[in-house]
Every structure is written in structure tokens, then in C-alpha cells.
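Before we start, here is the structure in question, set down as C-alpha cells.
Order as written gives the chain letters A, B, C and D; numbering starts at 1 within each chain.
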Amino acid sequence: MIFGLDALSLVLILICAILALYIKDLMGSVIVFGAYSFLMCVVWTCNAAVDVAFTEAAVGAGVGTVFLVSTIYNTRRVDTYRKNRVLKQLFMFLVVCVVGSILLKTITDLPHWGDAQAPANTHVSAYFLENSIADTHVPNVVTSVLADYRGFDTMFETCVVFVAFIAIFALLRTRKIPAKDLTPPHTPVDSLIIKVASHLMIPFMQLFALYVVAHGHYSPGGGFQGGVILGASLILLAISYDFERALEYLNEKKIILFVALGVLIYAGIGVICFFLGGNFLDYSVLSKILPATDTIMARSHAMLGVEVGVALTVMVSMYGIYLCLSSNGRMDKGI
Amino acid sequence: MIILAIALIVLGLFFFFGTSIGILRLPDFYSRAHAAGKADTLSTILIILGCALFHLHQAHYDLASFHVMAKLFVIIGFVFIGSPTATHAIMDAASAAGVEHWQKKKDKK
Amino acid sequence: MIGFFSGVGIFLLLNIILVFIRALKGPTVIDRLLSINVIGTKCINLIIIAGIIFNRLDMFVDIAIGYGLLNYIAAVATAKFYHHNKTLVPPSGDLS
Amino acid sequence: MEFIINYFNYIIVVIIMMIGLWGMLALSNLVKKLISMAIFQTGIILFYISMGAKIDSSIPIIKQAYDEHHHPIHQVINNADYANPLTQILMLTAIVVGVATLGLGLALTQKVYSEHKSLNEDEILESLS
């Protein structure tokens, strides 16, 4: 951990947070929130959390801002309605100050920041650090904990992403075009430079995302990060060209199919373990059907399969959420 | 080698200082975008190059460090494509939205 | 050498504060977007410098590649937004 | 002063959470409420990551040495040399789930807007009554 960089960027983050809530124009607010996410990524790297930093980089730069911008595109930028809320805001400020002072009083009981002997650092995580190589041959402990030791947790997190996507799809998807079109008239923007640059970058993005998924055992990365980058590449295709071009590659039917297929791959690997005589998600029994693998390497290989499932679900969810939000559910044209 | 690396990094920092002063002090949007588009990309590339050379020196020129250096060059390529594209997109949007040019007149307040 | 790179990182962050003042003042939204874009590019450098300080640069380059690839999506999306509603200042209501 | 250095991250966590909570309670715009929710969430993530940080520790990827047959050499791993992986994986999934739920909130916002033609909480409440 690096104290100087961490402290300075945290101070900047506070300014960012206050500014994001202060600006009246929602677009400005969203843009400043993007900077908040960038600086948060620096804080994660300074605290030695590389995988979290990777996720934050992919999410913050790739999809978070785009979701917010597409919502503002379909709604309204500024409130025209004015009602005096100063009294309420002051009251809420007092409430928040009371809560904050209680929390500040509480943190004096916590162990110091960066204390290696703190209770959170000595019990369970020590086992993971010391046994990850011996159990699974995976040097990146975060991946081995994510996909193996805490496999149930990750499976249901993937399910949450899946359910969130299905909920958005069910909420917004509509076939009929509303009588009064709310969005401003659509004029096609023909920027050749953006198109050519995206044309150049998208294959590299997808290749890099596959590398991130596959190389997550040895370097920061894994299913979540690779999935978000894959989704961001498809979102970039839909932004820089149009929806038709993007839907040619991955249409609605395939979106629904793939988002379920990802969860199915994850749960399916667990169920196969079941049939081979192990517990659910106990990968070591997979050595019976995988050729030329011992029980340790079977765990390593099964992790890769699980990561592929996670990446599939996350990719299609991000892409589908963008399509729904950007076109207000009509899936014809977006930003 | 290490002196070259430090020189590159310091040069990059100098250009970034120029960028930040330019973004802060220049009078209108287009000139600010000029500062952000060029000097920013150049300073990023210089700092990454310096870091690559430093890492090469630190790892005693073994194979893995060349691998890292290739990756750093890939980053340089992406920044070289991405950053000017972003600046172009922003400039294009500004001109479509009708941001006015700055003119050297005192009477226009 | 770690001291030197910590100094480089802190100098970069101080410069980011200078850029951030423009985002704070920014007469129009698009000025904010420009300065935030610069901050995003500089975060690539900060991550690489953090990697050198940790002495594990081979692990940190992947994050930097991810940033270099994805950094301009938000700018392109926002720019497209302004192509469609061709107003910087929203029709009713003030900026600040 | 010593208190600030020892607990710096935790103090920032409390302030970030205060900002997020205030925004969720006091602001009237629905999109700003969602942004405050995301700010609150990063406060919690920062709390977990700060708990897992250790002074003079490296990132939680073990530097593995291999022999000439590419078999890993057995080595003793000291717990204090690597940052805590457990808090990191909890938060890694939380970020992705957070952006999915942010999308859900935005979808609800769009639905509310198409019903009431407004993003303002007070105006929506008035049109409901």
C-alpha cells in the first residue's frame, strides 16, 4: 500500500463526490461521477487490490457512465420544477451528521489501517493464501477464492446479474412505438473518425477480454472483468455504428439464450461434480472425466470453465442492459 | 539507461504540467481541447516509455521484462488511437452544439 | 528509486488537481468532459507507477491496457449525446 | 494527528457514506439519488478494501518459482507478505452486481418518467395524489 497517493486521491474523491451532487445539470453530474470512478481505481491499486481495480476500471470506464448518459438521453436533463427544500435538506444534514459522528466514534475501536495482525487478516484469508498453490496450482489467490473456495457465492452473484438483466428486460422491453415520441428527433451522426477508430479497437478489445478471462489464473483478471470488457466492446459497436450493426452480431434471441447459458455452464459444472460422486462445485472429482489431469489440475481447469460461464452472463447482461436503457426498450435506435 | 528513463519521465511530467496549465488558463474551449489532445497524449506516451525502460533495467533485461515492455508498447498504441479519437468526438460535439470561438475583443462581455 | 516514483505519482496527482479545477469551474458541460478525459488518460500512468512502486509491473500492465482500451467509450457516448440534443445549456434551468 | 494517519481511510469512508446518505435523503432528482447510492456503495467497498490492506505487503498474487520441468517449487508463504484476498473477492463481485442494479434503478427511473413526465420526487408525489 502506498500512503501518499492513496491519501491525495481520496481527498480528490471527496471533492468529486460533493461536486457530482452539487451540479444542477445532470450531464455534468454524470461526467464528474466518471472521474470519481477513475480516481477510485487509483485508490484500489494503492491498496494492493489489483482485481478490484481491474473491475472498477472496466466498469467505470466502459459501462457505468454509458448507462447513466443513455438514461438522461431518454428522460430530461434538468428539473424545471422548483420547490423549496432547504429546510428538509438542513434537517437531513443534521441527521447525517448524527449518523456520521456515531460512525466516527466507532472507528476508533477498529484496528489501525494496514495492520497485518488485525482479526480480519489472520483467520480465514491466511488459509487461502497459504494453501492456494498446493490445493489448486493457481498463483492468483483472488481467482482461486472466487471460483473455487467460495464458488457458491460467485454462482449466486452471477445469478443476481442474470436476474437484474431479466428484470430490466421485462420492465422496459416494448414493441409498440409510443404515440408521442419523447426523444428528440434522431439524426444520424456520420463521424468517420469515430467509426474507423472503433473498427480498429473492437477486435483488440475482444481479444484482450478473452486473454483476461483465460489468463485470470496467473494475473489480475477473470470472468467478471473479461465479461465487462466484452460487453463494453459490443456497446462501443452499438454507439459508434448503430443498433442494426450491433444486433447483426448478437440479436435479441441470442442475448436471452447466452445470458441463461452462462448461468447454466456454472451450475452445470457443479451438477456434473454431483454425478461423479463429489459435493456440488467440488471440482476435484472432475479428474475422472478430464483426460490426463490429477485432482489438483482438475480444480484449476474447472475454474476456467466457471469463469467462461461468468464472462458469458456478464457480457450479455451489460450489452442487453445498454440496449434496453438506450432505446427505452424499443431496441431500434439509441444514442 | 536509467538516466534516459528518468529523463523521459521528467519530460513527460513537464508536458503534463503544460497540459494542466493550458486546460486551466487558455481562454476558450477549442484552445483547451488543443492542449488536452496533443500534450496530454505525448506526455502519457513519454511517461510510459520511461517506465518501460526503467523496468527493463530493473529486471536485468530478462525475457519476462521484454514481455512487459511489449505490453507497454501496446498501451502506447491504444492511447495513440484512443485519446485523439475522444478529443475529436468532444470537439465535434462542441462544434455541433455551437460553442463559440474566442475572439480577441474586449468589448464583448 | 521508490522515492522518485512516489514523487512522480504525487506530482501527477497535483497536476490532476489543477485539471480538476477546470472541471469545477467549467463554464459548459463539455469543458468538464474534456478535463475528465485528461484525468482518465493520466490514471493509466498512475497505475503503471503504482506497479513500479509495488515492484510487480507485470501484474499491473493488464489494468493499464484495459484502461487504454476503454477510456474513450464514455467520451464518445457523451459526444453523441450532444450531437442529438444540440444544446450545451439546457433549455430551462441554470448551470452551476 | 496520529489518529488521522492511523485511521485515514476509515475517516474518508465515513465522510463518503455521509455524502451518499445525504444525497439519497435530501436530493429530489431520481438520477441524483441513484448517483448518491453508487457513492454510498463505493464507501462500503473502500471500507472492506482498507481492512484487507497490510503495511509493506504485496498484491495477492503469489510469486511462484518453477523448476526446469515447470513444476512449482514448494515455498513457505508468509501471510503478512500478501494483501488479504478475501475482502477483495467480496468487493469484486459487489462492483459488477452494483452496476447491474444501477441499471435496474435507471430502468425504473425511465419507467417512472414515461408515466409522470418528471424526474422530480416532489412533482411525482403531487401528480400521484
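Here is the rule we go by: contacts are C-beta pairs under 8 Å (C-beta built on N, C-alpha and C of every residue); 3 or more make two chains touch, one makes a residue touch a chain.
Since we're looking at a predicted model, the values are computed, not measured.
If you tally the C-beta contacts for A-D and for C-D, which one comes out higher?
Counting C-beta pairs in contact for A-D and C-D gives the edge to A-D.
Suppose each chain is reduced to the average of its Cα coordinates; what separation in Å results between subunit A and subunit D?
Computed from C-alpha means, the inter-chain centre distance equals 11 Å.
Counting only Cα atoms for the centres, state how far subunit A is from subunit C in Å.
Computed value for the inter-centroid distance: 19 Å.
So how far apart, in whole Å, are subunit A and subunit B when each is placed at the average of its C-alpha atoms?
About 28 Å separates the centre of subunit A from that of subunit B.
Spell out, as numbers or ranges, the residues of subunit B touching 2 or more other chains.
78, 82, 85, 89, 92
What residues in subunit C touch two or more of the other chains?
Each of 16, 33, 54-55, 58-59, 62, 65, 69, 71-72, 76, 78, 80-81, 83 in subunit C touches at least two other chains.
Listing for subunit D: what residues touch at least two other chains?
58-59, 61
Who touches whom among the chains?
The list of touching pairs comes to A-B, A-C, A-D, B-C, C-D.
Where on subunit A does subunit B make contact in their complex?
That would be residues 191, 193-194, 197, 200-201, 204 of subunit A.
Can you tell me which positions in subunit A touch subunit D when the two form their complex?
On the subunit A side, the touching residues are 1, 3, 6-7, 10, 13-14, 17-18, 20-21, 26, 29-30, 33, 36, 40, 43-44, 47-52, 55-56, 59, 63-64, 67-68, 71-72, 74-76, 79, 81, 83, 85, 88-89, 92-93, 95-97, 99-100, 103-104, 107-108, 110, 112-116, 118, 120-122, 124-126, 128-130, 132-134, 137, 139-142, 145-146, 150, 153-154, 157, 160-161, 164-165, 167-168, 171-172, 178, 182, 218-220, 224, 227-228, 314, 317-318, 321, 324-325, 328-329.
Please output the residues of subunit C touching subunit A within their complex, sorted ascending.
Residues of subunit C touching subunit A: 6, 9-10, 13-14, 16-17, 20, 23-24, 26, 29, 32-33, 36, 39-40, 43, 46-47, 50-51, 53-54, 58-60, 62-63, 65-67, 69-74, 76-78, 80-81, 83-85, 90-96.
Under the stated contact criterion, what part of subunit A meets subunit C in this complex?
The contact residues of subunit A facing subunit C are 2, 4-5, 8-9, 12, 15-16, 19, 22-25, 27-28, 31-32, 34-35, 38-39, 41-42, 45-46, 48, 50, 53-54, 57-58, 61-62, 65-66, 69-70, 72-73, 77-80, 183-184, 186-187, 189, 194, 197-198, 201, 204-205, 208, 212, 215, 219-221, 225, 229, 232, 235-236, 239-240, 335.
Please name which positions on subunit D make contact with subunit A in the complex.
3, 6-23, 25-29, 31-32, 34-36, 38-39, 42, 45-46, 49-55, 57-64, 72, 74, 77, 79-80, 82-93, 95-97, 99-104, 106-111, 113-114, 118-120, 122-123
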